[in-house]
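Below are two complexes that have chain A in common, paired first with chain B and then with chain C.
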Partner chain A sequence: MTAVRDEPLAPEPGVDSAPVITVRGVRKYFPIREGVLQKVVGHVRAVDGVSFEIPRGETLGLVGESGCGKTTLGRCIAGLTDATDGGIYFRLAESDRLFLDEMDAVPEAERTLQHQARIEAIDLAHRIDRMKGDSWRSYRRNCQFVFQDAFSSLNPRQLVKDIVGRPLKVYKEASGPELTDRVVDLLQSVGMGRQHLYRYPHEFSGGQRQRISIARALALEPEFIVLDEPTSALDVSVQSQILNLLHELQQERGLTYLFITHDLGVVRLMSDDIVVMYLGEVMERATASELFAAPRHPYTEALLAANPDLLEGDEEAEMRGLEGTVPDPARPPQGCRFHTRCPAAIPQCGWEVDDAVAWLADNSTTLDELSGVERASEFDAAVRFRDSDAAAEAKALLEGPEVSAPMQGALLALSASGAELRIQFTEVDPVELEDVGEGHLTSCILHTSRSTHL
Partner chain B sequence: MVDSTAPGTTLAPAVSGPLAVRLRRAGELSREVLRNPTTFLGLIIIVGLITMAALAPVLTEPNTPDAYQMPRDWGAINEPPGTPGHIFGTTSTGGDVFYGVVWGARTSLRMSMIVVGFTVVFGTAMGSIAGFVGGRVDEIIMRIVDVLLAIPELIFALAIAAVLGPSFANIIFALSVVFWVKYARIIRGQIIHVKQNDYVDSARVVGDSKFNIYRKDVLPNSVTPVVVQATLDMGGIVLVGATLSFIGLAEAGLAEWGVLVSEGQAGISSGRWWASTIPGAMVFLWALAFNLLGDGLRDVLDPRTGGR
Partner chain C sequence: MTAAAQLPAADRTTALVASVEDLKVHFETKAGVLHAVDGVSFDIADGETVGLVGETGCGKSVTARSFLRLIPTPPGKYAGGSIKFWSKEARANGSDPVDLLSVPTSDILDIRGNRIAMIFQDPGKALNPALAIREQVAEVFYQHRSDDLLAEWNGNPPSVIRRAAGQRSGKLEWVAMKFPPLRSQARRLRKRVDDLVGEALAETQIPNPRKIMASYPHELSGGMKQRVMIAQALACNPDLLIADEPTTALDVTIQARILELIRELQHAHQTSVLYISHDLSLVRRICDRIAVMYAGRIAEIGTTNEIFHEPRHPYTRGLLAAVPSFAHERGKLAAIEGNVPELISPPASCRFHTRCEYATEICRRIDPVLDGHGIGRSVACHGYVSPEELGVAAADIPRLDRSPA
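Then we have the complex of A and B:
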């Protein structure tokens, strides 16, 4: 266990049982600007409403394809960027969390002054983007980050001693010979030594550089470390060494990890809980053993299938790979965001006009005659063509046998009048994460209570 | 582990002080720079010119109150090179060309050091603010830089010096006003690029201050193109400065290469080439030497430009 340090922020009662990190409905949107005046024309929804907790001493694996927002979320949690909405809380007690959950249901206007005061107090003490002074310094010390690319995360002009000793200097913890000794201790704890003190980063291999990064992250004896794909740039043999090192350090020091990766095989070894993200949203969340034994989301299954070693006797799953590309995060799909690539999709998954248009673009040339789209909603739009032939052809194609059955099943109406083709889909509510037993959360409607109404 | 098997490292002492390591690194770099023969030649010429400038009072003793004024020997006008006492000959006003060459080196060194010193510091400061702070501050500074860059260096410096009146100090001032924008632009681009490195974010995670991040992470990794440009400008500034004094923007009679070329040009048609050709060759030599060194530095410090 880490020695308890005399921090300015006295631990409140019950703080030991509180999760180190609580993420509540975090969103991070990046504005898309266009034109000379840099007008905001839309937002890339990198992270779109993610919630989870990381209990003390545990590892949460955050998994997803590249571009799903996992690194952005990690950066938000480390305080490197501010979240657009929602909050990231440090050592948020259970009672406070329940209170905040309760308050989420109450409209702002109806909250009493006491409520507001309590929210404010919780925010100032625990919410990382509201913290000031000592609380912020305490968080800054207690949350460290290990970057994916060990080549760009070490300043090429600094010696190892300066890199690893820098956190100690910033907080004026040590100087002179004492600093050197502390740095040597840190280097030894990651399997390096005194002989590496006065070398430049370029003199080391990738694995050694990552060890230096880890030593730097450990310097302030933090409680919590965000590991952003710490091994994906390394050779397989070196990967396992680094993973073992991280595991040992966690055991020795009682560290809490957020382990971000695209590799399910890696998180399986490391994680207690796993959160699967896709296009900024959580698809599934469960304990590691539960997730691997009984995945309850086709996306998780597809990720598992991409890594044949992880399959447990499911020969058929091997055949199901992921097809297609990730949709534009500035215009994420309706309903379940995965439905455009989902092998198990059904008509209720959230099919929309964009899907029909995308299908036409991929499978025909009728869109060459497109002259405009007028949307009533995401599910109802009039697509105008230059001539009525094209409209009729598009209609025939969408009704034809080549269109996937789930999408056709979701079609409410398809009517061509002149050069205009009106496409209407059944409207679908946004999907929500739902507990399907013992903390296993999934957003797939096939596995939730909604499936009974289908 | 790769590094323990790499050649060279095993021979190095297991533990050595930070200073020794940094010195060794500097030694390696300079050896690499000087491996190129043309760079080495440039450095030799520069060392020679600077030695000449430093030893000017020893080489030719001044006999006027202001050593930077050409001494006049009215008894020896238009003497050709090789005349005893005037090895490079004399001008039509009795000025010793050798004296002008030697003290002109001093003038040139003074001019280029003042101008480069000021423009590097000021340009780097402005570019750093623009690149590091960003946003509106960046917009304002860079629009000013764009406006200044749009005017050709020589014409702009000429205009400023002409307005202020003929004096060598005004030339230095004009060059300073003109040359800083290049550095602002270079350093801003570098900083915006370097800022995106993960080591800047790791310093933020550790909780270091913005100024320390700038000082330790951003600036040291942005500065090499500035060093290269400063070396090239040490030559370029003398070239532009000599041009300005050639057209009469410095005090008449100043021991400066441009002034000498200007004074001697009338005699070229009469066969008295030495009074302008020799100082002109000095300008050429100076600019050439710094260009050779600057190019060599660029090849080593900034590998992106490749071998060209």
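Then we have the complex of A and C:
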């Protein structure tokens, strides 16, 4: 994609050629607590093993529906919350990244002392949750955040001058008249001016407030800005002003953006690379033009079909949506996480007992007679009913013609004995992202090397 | 002022469901009188979907809410105009329309949810969190269909049951219903309502409606809640459905499903729809005609094709160009500079002139009227008016065909 990645391995490449942000296998789990003792009974897997890099001066678009973990990931990257697992690295050199990849394959016990020392050194210098002192301060300066809601992210009791000047004061960059001058410069760079200095946020429209947010983010001249849905609260005519402004600023200052949004039209316009997320996992990653021209994941296709204006030529194309709802992120589906709603699903996509139970819940009343479920695994469970009739009915339903063909195809065995119904599905491995050509990654087994075994 | 904005007079009474004429809704504020809606006129024909598009604060929701008189007064004030409404019966026996702004409250209560129904923007806020779904949908039947509920009763139903069916039941009825022989009758009534609610929910393709009926709004996903809202709105087979940004709070993939559903149900019920949205690409998929609003006025009305392929008002052109699409290059998105003007005591000038790249002197002096340019197609812009009509020199007329300065 860029010269950086294609370059032969330099021994110690300079800071300039290293990707600004490297995300390696990041997970963020939120505990679910219950009872008087607040015992942890499970985890919501908001982000579940995400990796990517953002090269200098480029924009990475992060798209997905609400609840897919894109904002959580953005907050982890900005250091606003700690990741549960995995690392976020700032200016990680190519050689170091390759070394860490190599080390991932080696079990911890087999690593030599030298290896451990190098990992430790890399972590202390680059990994944002291990950084100390100066490097942490430098990261905080260099990574700024623009929030979605410009109404609640500006302090209503502070003047614009204080809001925009705050970072400069905190880092002792300027004070007194110099501070005012710097703030005016910043306001001018976002299309505002001296006349706005002594006003409160409520005196501005949504678009102007977002400009103030951007001015605040620019105050310390960062390298990298996380933009979390910066235009979703704005009207189209104002949105285009802000998008143009962000592009100009990137050109002038060589900024690197992580652009989080649910709007495919915006992300297409703004991004070099796009990562599509669903239920905490990356579904597909490609350059913007490639993703829109040839999507290689049914989820991306579904997102595009829901917004047909984005497709070239096809003006009168019908708008198509998806059935069903997003599954519970505390118990994500096996195999491909999208298979429960996927229009192109096949038996090998990871059908499991939960899917059969969910289908029964949606299509019959037999589950009213449910008395318990005993799981051997996600793919094999005995469902107990109160009487044998209900078990027989559930069996007949699951064998019936109304069940989707892929789910039935994945059924290994279905046997009712008395009030118990044993459901067994074919076990599948978790899906993995795979390069299917020129940096285009997808996790859909219809497009990866697994498709040859189907 | 607005004759051409409406359909030809011949089919008016037969074809129309509603006709808004010069609607003015003002709000008293500390700073002065806010002209939220200032002279809006348009028609909705039978079975038609009309889109009302505009940015935040342009008055589209206020217009929609005026149909059901949902604007709180004070601070709001219906300062002028009328909204004429023909129900199916009125059209059948050729009687006069009712003016929704002047009918007595008891009549408007009968129209709300029955003849005109509304779907609100945020289903999470529009549903009552303390009531099960069944109760919320059943309310519509109790309120408007109590006669039907009692029709199959053998003989004259006792007054207690009648009041219970009208849901104006108090403690006394509630206690009375616990006693035999009323108990079995009450149970029959309840079962009948259950069936009706189940049918209404099943129509919106909710899986397992019986299960949903027993759940509370917080247990449902956003898409499901919006389906419940739609079921509630269509329960009484209304003549006009007002959808106020029904999909803004939903994800794109769910949004597409909800739009399909609204369209299917509209065909099945032969309902007219007033669809309010800020999203042009959505409106394009669902509407027959579109009215573009700006700052309390209608800037342009036309069929969907006309608006999208041949936009006339500079504001419509700007809006269409501002939607990011495959044709745009990065950083070159067309933007309408500036902000929406204040609506407090607006001067007599084109509302858009501060942001219009074609504006000339007369745009600052004279208020353009929504004028007809072909049947059902009207634009409020001086660029389409002959100089004689305005009494100015030809050079003063904004020329929309030239490239902007």
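Going forward, the second predicted complex is superposed on the first by the 432 of 454 C-alpha atoms of A that agree within 3 Å, B and C clash if a C-alpha of one lies under 4 Å from a C-alpha of the other, contacts with A are read in each partner's own complex, and residues count from 1 in each chain.
Just so we're on the same page, a contact is a pair of C-beta atoms (placed from the backbone, for glycine too) under 8 Å apart; a residue touches a chain by one contact, two chains touch by 3 or more.
Please read these numbers as outputs of a predicted model, since none were measured by experiment.
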item: Touching partner for A:F292 - first (chain B), second (chain C), both, neither; value: second
item: Contacts of A:Q188 with chain B and chain C, given as first, second, both or neither; value: neither
item: First, second, both or neither for A:R216, with chain B first and chain C second; value: first
item: First, second, both or neither for A:R140, with chain B first and chain C second; value: first
item: Partner chain(s) touched by A:R157 [first = chain B, second = chain C, both, neither]; value: first
item: Partner chain in contact with A:G265 - chain B first, chain C second, else both or neither; value: second
item: First, second, both or neither for A:S449, with chain B first and chain C second; value: neither
item: Partner chain(s) touched by A:Q251 [first = chain B, second = chain C, both, neither]; value: second
item: Which superposed partner A:S205 touches (first chain B, second chain C, both, neither); value: both
item: Doubly contacted residues of chain A, that is, touched by chain B and again by chain C; value: 205, 207-208
item: Partner chain A, residues of chain C touching it in the complex; value: 55-56, 207-208, 210-211, 221, 223-224, 251-260, 278, 280-281, 284-285, 318-319, 322-326, 328, 330-337, 339-340
item: Touching residues (chain side chain A, partner chain C) in the complex; value: 65-66, 205-208, 235-241, 243-244, 247-248, 251, 262-266, 268-270, 292, 302-303, 305-307, 309-312, 319-323, 325-326, 361-365
item: Chain A - residues contacting chain B, complex; value: 75, 78-80, 137, 140-141, 143-145, 147, 149, 152-159, 161, 166-167, 170-171, 194-195, 197-200, 203-205, 207-208, 213, 216, 219-220
item: Complex contacts: residues of chain B adjacent to chain A; value: 1-3, 6, 9, 14-18, 20-22, 25, 197-199, 201-208, 212, 216-217, 220-221
